[in-house]
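One chain, chain A, links the two complexes that follow: it is found with chain B in the first and with chain C in the second.
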Partner chain A sequence: MNIWVQQIIQVIISGIVTASAYAIMGIGLSVIYGISRVFNFAYGSFFTWGAYFAWILFATFSWMNYPLVFLIVVPAMFFLGMGTEKVVVRSLRWRKNWQVTTMMVTLGLAFLMDNLALVIFGGFAKPLPPLFHGAINPFGFTLSVQDLAMLIIAVTVMIAFGLFLSKTRIGRCMQAISQDMTGAEIVGIPIKKVFSYTFGLSTALVGTGGILLAPRYFITPHGGWAPFFRVFVIVAFGGLGSIRGTLYAAFILAIFESFVSWSLGATWVMPFWFLVFLGVLAFRPSGLMGTWG
Partner chain B sequence: MLELKNINTYYGEFHAIRDISFKVNQGDFFLVVGPNGHGKSTLLKTICGLLRTASGQIVFNTAEITRAATDKIVEMGLVYVAEERHLFPQMTVLDNLKLGAYNTNARAKEQESLEYVFHLFPQLSEFKNRYAATLSGGEARMLTLGRGIMSCAKLLAIDEPSFGLAPILRNEVFDKINEINSSGMTVLLVEQNVNQVVDFADRICLIEDGCIVFDGPREEALLNEHLKDVFLGGSYR
Partner chain C sequence: MKIEIRQELIIFLAMYLVLLILPLFLYKDAYVIGILITCMVWGAMASVWNFTMGYAGIFTFGQFGFFVVAAYTSGMVTKYLGISPWLGILIGGLMAAVVGVLIGLPCMKLKGAYIALITFALHLVVAPMIKVADPLGTGGSTGLMSIPKLSLGAYTFSRTDLIPWYYTALVISFLVLLVVYKTIFSSVGLGFIGLRDSEDFAKTLGINEYKYKLLVFGLSAFLTGIMGGFYAHYAGIISPRLLGLDIFLLVMLMMIIGGMGIFPGAFLGGFIILFLNEFLRPLEAYRFLIFGAIVIVAIKLMPEGILGHLNIFKNRMGKRLLGRAAEVETTRGQNI
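Let's turn to the complex of A and B:
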């Protein structure tokens, strides 16, 4: 096979793998806006903390393994998110300019969480052990088992989330709220409770993303901002609040990112995201499937 | 069944409801009339917990609901049917109805209520797999009423069901509401198209500038000079 074609396919594969992690994080950021109308600036910090929790488990117990880490950290993140909603967001909701206020408050929370991490864990980067070792070579392409596992886990999470939304009672309530909040209130859905669940779920999703990406990159106190910024652009590109839009955007942009990094070099990755963001704001502020506003 | 005592509600700075008191009895068809923007819808939203009263007391079936959350009020059987409909556009008619039966009392009777709604509105059972967004104005109105019934309502607080409908459809909607009332449901109806609905009402209350101007049985209302102007004036806008 032509070496160029092979390289390009390799780039696409690597894009798809990162896209899957971005996608679950994007869905988390998107639903929290679509359902509870809150934009969570501490999202990146929850990402970091998810990874730190995993690191603590690995550092404390030598026999720790990933299934157990997910089993412990993901529910913990869920409750942390629910608690954050109750303590930080709930008291501000429906007040004057509350959407801007909550953005500012979550931004403050982000600084608090980041610096808390800096105090506790120090500035040195922490590694997580690889999810899996080794690589496979289907059709002459190289794919590390870790990437494959990441892809499978992320896709499973997405499918599970889709089923959760369409099949469970609470999932249907979430859909109802995102389609018409007053309508949901009128039929007797306890919307405040659903807001908490949504926040918890979103935090659990970003925590999962944190654990999935940490073995590839290192964990640092401010390391959540780069993925958060990417996810922010993805969500803006796809249309805030639209899950399908977020999915499309994650795959389109992650594959582009992977091309940029391959052809122009990694230094151009962040400018690329900024350019996309500017482009979205200039030409289609509501996003692909926009529900912004 | 429902009693309001000296209710005051503000929309921001605007004093929309001024010291309103009335009583709706079990099985009544209670009609609230009045010009646009004079507080009728605000009144219903206050009763259903979507807006907070500044002062006063609301009692429903011996329980005080003045500051209760909407979901608790719905669970007790006081269900609001909004003028703006507030359907779930990306869900099917059937899913909209099923969400109506969200509260625990309603969940147990979901199948029974569904049969009643389809019996009342045969069109809805034909359309049950269509998305709510694709319904016409009249069909959507039927769906909002159906969804309200699904909540196991004891009292339906219906806001301006004729809004945006052609006169012939209005009559159909009013007939349906009358049918619902005749089956034993208490109805609190806010409406501007007075003359199309006045025959069904047991009791009529006129609200102007957020105050009650008249409150009495229909026979008495028909003799009242001020209300006569209202009825003869047609839709009273």
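Let's turn to the complex of A and C:
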């Protein structure tokens, strides 16, 4: 086969794999904005902390494995997020201009969390063991089992989340609130409780993303900002609050990103994201699909 | 013509009076003079930020982007083209204004949260841009070095004597703050405040939203750029590290502590935060942990900042002293 074609397909595969991790993180960010109208600047820090929690488990127990890590870290992230909402965000909600106040508060929280990580773990990058070893070669392409596992886990999480939103009571409460907050409150949906759950759910999603991406990259105290910015552009591109839009955007942009990084080099990746972002906001500020989808 | 004496003006002028005579006592202490210069630079920048955020109600997080763009522009035109640094500062400011208007254009159609995000994205992207533009002479990630110093006639400023720098910073920051003050209390400023408090009503009264928003973006970028240009020549070296989130946090804290939407608050906050920063320096890594916690605690417990709380005091006591002006001010000086 032509070497160019093969390389290009390899680039697309790598894009799809990263996209799946971006997608679950994007859903988390989108959900929290769509439902509780909070923009969480500490999102990247929750990403980092999810990965650090996994690292702690691996460093303390030599017999630790990934299923157990997910089982422990994901609920832990959920409760951490719920606690954060209760302590930091909730009381601001009924203030004037609370959206910007919450942005500033979560920015402060991000610094607190990042520097806490710096103090506890030091500035050195921490590795996580690979999810799986080895690679398979379907049709002459190399696909590591790790990437395949990442893709499968991410897609499972997405499907589970979709079912959760449409089938469970709390998920439907969330949808109701995202459509009409006042209406939801009138019909007796406990919005405060749902906000807390939403925050917890979104941090659990980003924590999962953190654990999935950490074996590919290293964990550093400030390492959450770059993925956060990407996820944020994805969410803006897809339309804040739209899950389907986020999914499409994640796959489109991650594949583009992997092309940019392959053809122009890694330094152009961030400018690329910014240009996409400017383009989205200039031509279609509501994103691909700016409503709940 | 009746001259209105406002609380804001009194605090503003009093602060500069203190700054004017302070070197008489401190001229031997280069360390403190150095901190005071940074206080003025960042304090003025925080004030401009407060002007856009607190008064105009536009939630920009991109001020650092403007600052760094201007610093690099001024540094590069003076270093490579041999232009006078004074002119360089002005060119830097204009360049920042152009970037500000360009960023402002897509923000026209957008509401609060989105503007915060697009401007924050600008903040995040300037550093990689500088690294990419290394072949143009930006110095890449090591930074732009040996930027020409300011000079006045035959006298060239040097790092061994900080007093001339001090007074230059004083004059420039004073002018920047004066422009901010004048704009806030002009008809333009009333327009901003009208748009901030009741956008639809202000529009029905014929306030052109686009014009005002672009003006805010351009003007605030220009003023920030002036401070950035000065900083480049003062520091002599600038690097993408200026865009680090730690400095961002410090300047945001200046605004929060000083009081958002209250005029010289952010400038006052600059002095509080930077001296606190020096005070906490021995704590090293714990310092920013503490600052992060201060942001959360300050917003939760003291949403109006220091001057905001003084304003509450003023409502009870100061009305008699300042007369009718105080009444106008309490409605204006409200937190955003």
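Basically, the second predicted complex is superposed on the first by the 290 of 293 C-alpha atoms of A that agree within 3 Å, B and C clash if a C-alpha of one lies under 4 Å from a C-alpha of the other, contacts with A are read in each partner's own complex, and residues count from 1 in each chain.
Throughout what follows, a contact is a pair of C-beta atoms (placed from the backbone, for glycine too) under 8 Å apart; a residue touches a chain by one contact, two chains touch by 3 or more.
Keep in mind that what you see is a predicted model, and the values were worked out from it rather than measured.
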{"item": "Partner chain in contact with A:180 - chain B first, chain C second, else both or neither", "value": "first"}
{"item": "Which of chain B and chain C A:110 touches, first, second, both or neither", "value": "second"}
{"item": "Which partner reaches more residues of chain A (counting touched residues only), chain B or chain C", "value": "C"}
{"item": "Partner chain in contact with A:99 - chain B first, chain C second, else both or neither", "value": "second"}
{"item": "First, second, both or neither for A:188, with chain B first and chain C second", "value": "first"}
{"item": "First (chain B), second (chain C), both or neither touched by A:172", "value": "first"}
{"item": "On chain A, the residue positions that both chain B and chain C contact, one per complex", "value": "none"}
{"item": "Parts of chain B lying in touch with chain A, wherever the complex brings them together", "value": "48, 50, 69-71, 74-75, 79-82, 84-91, 95, 99-100, 102-103, 106, 147, 151"}
{"item": "Interface residues, chain C side, partner chain A - complex", "value": "53, 57, 59, 105-107, 109-110, 112-114, 116-118, 121-122, 124-125, 128-129, 131-132, 245-246, 249, 252, 256, 285-286, 288-289, 291-296, 299-300, 303, 335-336"}
{"item": "List of chain A residues in touch with chain C within their complex", "value": "33, 39, 88, 91-92, 95-97, 99-101, 103-105, 107-116, 118-119, 222, 225, 229, 232-233, 236, 267-271, 273-274, 277-278, 281-282, 285"}
{"item": "List of chain A residues in touch with chain B within their complex", "value": "172-173, 175-176, 179-180, 182-192"}
